[in-house]
Amino acid sequence: MEPTGMGKGRVEAFSDGVIAIIVTIMILELRTPSEPTLRALLKIAPSFLSYLLSFLVVAIMWVNHHHFMHAAREVSARLLWLNMNLLFWMSLVPFVTDFMGKNHSQPFPVALYGLDLACCSVSFLLLRAELVRQCRDLPELAEYHSKVLRKNAFSLFLYLLSAALAYIRVEVAYTIFIMVAASYFLPEKRLAESAG
Amino acid sequence: MEPTGMGKGRVEAFSDGVIAIIVTIMILELRTPSEPTLRALLKIAPSFLSYLLSFLVVAIMWVNHHHFMHAAREVSARLLWLNMNLLFWMSLVPFVTDFMGKNHSQPFPVALYGLDLACCSVSFLLLRAELVRQCRDLPELAEYHSKVLRKNAFSLFLYLLSAALAYIRVEVAYTIFIMVAASYFLPEKRLAESAG
Amino acid sequence: MEPTGMGKGRVEAFSDGVIAIIVTIMILELRTPSEPTLRALLKIAPSFLSYLLSFLVVAIMWVNHHHFMHAAREVSARLLWLNMNLLFWMSLVPFVTDFMGKNHSQPFPVALYGLDLACCSVSFLLLRAELVRQCRDLPELAEYHSKVLRKNAFSLFLYLLSAALAYIRVEVAYTIFIMVAASYFLPEKRLAESAG
Amino acid sequence: MEPTGMGKGRVEAFSDGVIAIIVTIMILELRTPSEPTLRALLKIAPSFLSYLLSFLVVAIMWVNHHHFMHAAREVSARLLWLNMNLLFWMSLVPFVTDFMGKNHSQPFPVALYGLDLACCSVSFLLLRAELVRQCRDLPELAEYHSKVLRKNAFSLFLYLLSAALAYIRVEVAYTIFIMVAASYFLPEKRLAESAG
């Protein structure tokens, strides 16, 4: 693909900045309780748990983004804009987190949260497909990226499933969100081990 | 012109920081719907579309800013302050985006959005003129920068036009916004190809 | 432990970004007085003092974080996620600061502030324990990190104490917050001297 | 002068991050007009002008901060904390800007704005005094830093004067703010020339 003459460093720096802001401004949505009591604080527990989940999800995405950029061979124009596409969907996380936190037992906001994460998964998938393309001449690497891509596709499927199942029971959707996060966690470690 | 002894790296880092914040804080303006329904969400669709447009516009500006800094030979005092001037007008994007999103069918906020983008174009134009000046002794480069400058001038003209036409039909202004964004997209690719 | 292939630089850059945002967005919680008088301004003095304390506390954490990363030999997966854990608890500082500032004479928000700082201390402690583990083969360094770890444990104890004592007199808790901050200050200097 | 073992790069990066956020979040305080008319927009003109002034003031501080860090020979513990002190007073700029913008004809908020800028000047003065100390063995450099220090002291005097004169006529204070900003501008250029 066409190189843009843009260093990976600057794309990483910009992405880091955007992701750092995304993960931090969510706390601004967490309004302090109106009364200085535990009872009042517990009322915002769902918002707090939404924040905790999103912090974890965005942190995982940041780690994956790093591994991704590390593997990229050049910043093609396509990679640059696919990265912008990912940042856009990630930038919606504070919005859907706040919406879900305030309406934690309603299917629609929970499904919307799942849909935004599904869009993030699609974005990662497209980025990974670009890597596979960049590595056409290196069958082993291309094979590796294809494997990660299939894992991305499975997460995408689970997020879409969670959006649908939220209309049956929101608890099922929450369980899927936590399970996908947990599943990303462990392989990352194994990946690191195999690389060590 | 006078070098400031300031490395390009730090100007880039500061600009990256400011642009990353601009692109991300816009989501804070997107208030979650009062009710957990699709109907309530659709009411903020204009705000969402404004955000999407501005995300794209600011992302394009960031890419152009990178190409610009890459081409700069030194951080003269003039370049430093012309860059600050650009960041100032870019920093107003969240404001005009929010204003337009909340009053999407009113000519004044739409025209104001166009005017702010026009100011950003003027800022880019002034920065590019500084590059032409820096390259006086390299006719080929100066010629290249003059060409980009003319493209900037055309965007400026279109943004001013959109501000005027918003008073006839806001849809025309929206169409111009999208077309300018699309036009920046493609040449960037061609530029990259020719550089590859 | 397993190296992640992630450079210390990028973890530092991301952490710097998150901490810079944490320390700065707190000012957004400081609402301007409703009237342009000194009297109205003095009403938000508790919020201002909360902000001042938190600015100091977060600044100290940033300095400690720097020393910590400097000492780390590699970014293991465990270190990476222990760092994310620290950033999470730090990201709650703006929330507990705002809550305490608005209810400065109530034990619950003051205790909650102390508890969040205690969680930050635990996070630093876990990070330090990871360093001790990384340095098992270097008894002198391991000994040094164990010493810092014991200091962390003492801060943790003081923060937990402050949370408990806030229910007797909030002033006692405030005194502990200030004393812990002051105690971190001086040793940092001595540490620097011995390293000089 | 105890060295902290902290690289200038990381202090610059953290300061850049904080300053970039300060300069950008001010726009969040600029609430969009309630009605989509020029008349409604003009009502927030004072807030806009406050923002414009503060953007300029903070941008100048950033440039000065860069020159300062460039001249620093090592990050002593004192320099590190004097820098944090500066960032603290700078972090209050969004607050005093908002307060002044909403009460532009009232002496108190205007005086408070002047006082915060005076505190920033004191902070720069203390940082510069540390540089003079670092350069004791280089009389020429020390002389140069002493000269800049005297210029800082004059700005400090003017800001204090503006705070006092705001109680006679706020316009006088505004004039001083603009004049100090303009005065910083030109010498910076000359400085650059002499360094070129």
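Per-chain residue numbering starts at 1, and chain names A, B, C and D are given in the order in which the chains are listed.
Methods note: a residue touches a chain if its C-beta (ideal position, glycine included) is under 8 Å from a C-beta of that chain, and two chains touch if they have at least 3 such contacts.
Just so we're clear, the structure is a prediction, and the values are computed from it rather than from any experiment.
Student: Using the touch definition from the top, how many steps at minimum link chain A to chain D?
Tutor: Minimal hop count between chain A and chain D: 2.
Student: Among the chains, which is located farthest from chain B on the basis of C-alpha centroids?
Tutor: Chain C.
Student: For the two copies chain C and chain D, what rotation in degrees overlays their C-alpha atoms? Round to the nearest 5.
Tutor: To bring chain C onto chain D, one rotates by 90 degrees.
Student: Same or different: do the copies chain A and chain B touch each other through matching residue numbers, with over half of them shared?
Tutor: Interface between chain A and chain B is built from largely different residues.
Student: If you average the Cα atoms of chain B and of chain D to get two centres, how far apart are those centres in Å?
Tutor: One centre to the other, that is 27 Å.
Student: Could you give the separation in Å between the centres of chain B and chain C, each centre being the mean of its C-alpha atoms?
Tutor: Distance between chain centres, rounded to whole Å: 38 Å.
Student: Tell me, which residues of chain A touch at least two other chains?
Tutor: 13, 17, 21, 25, 28
Student: Pick one for the touching-chains graph, please: line, ring, star, complete, other.
Tutor: It is a ring, because the chains touch in a row that closes back on itself.
Student: So in the complex, which bits of chain A are touching chain B?
Tutor: Checking each residue of chain A against chain B gives 2-6, 10, 13-14, 17-18, 21-22, 25, 28-29, 76-77, 80-81, 84, 87-88, 91-92, 94-95, 98-99, 102-103, 106, 108-109, 112.
Student: Quick check on the complex: what are the chain A residues that touch chain C?
Tutor: 12-13, 16-17, 19-21, 23-25, 27-28, 30, 32-33, 36-38, 41, 52, 55, 59, 62-63, 66-67, 70, 185, 188-189, 192-193, 195-196
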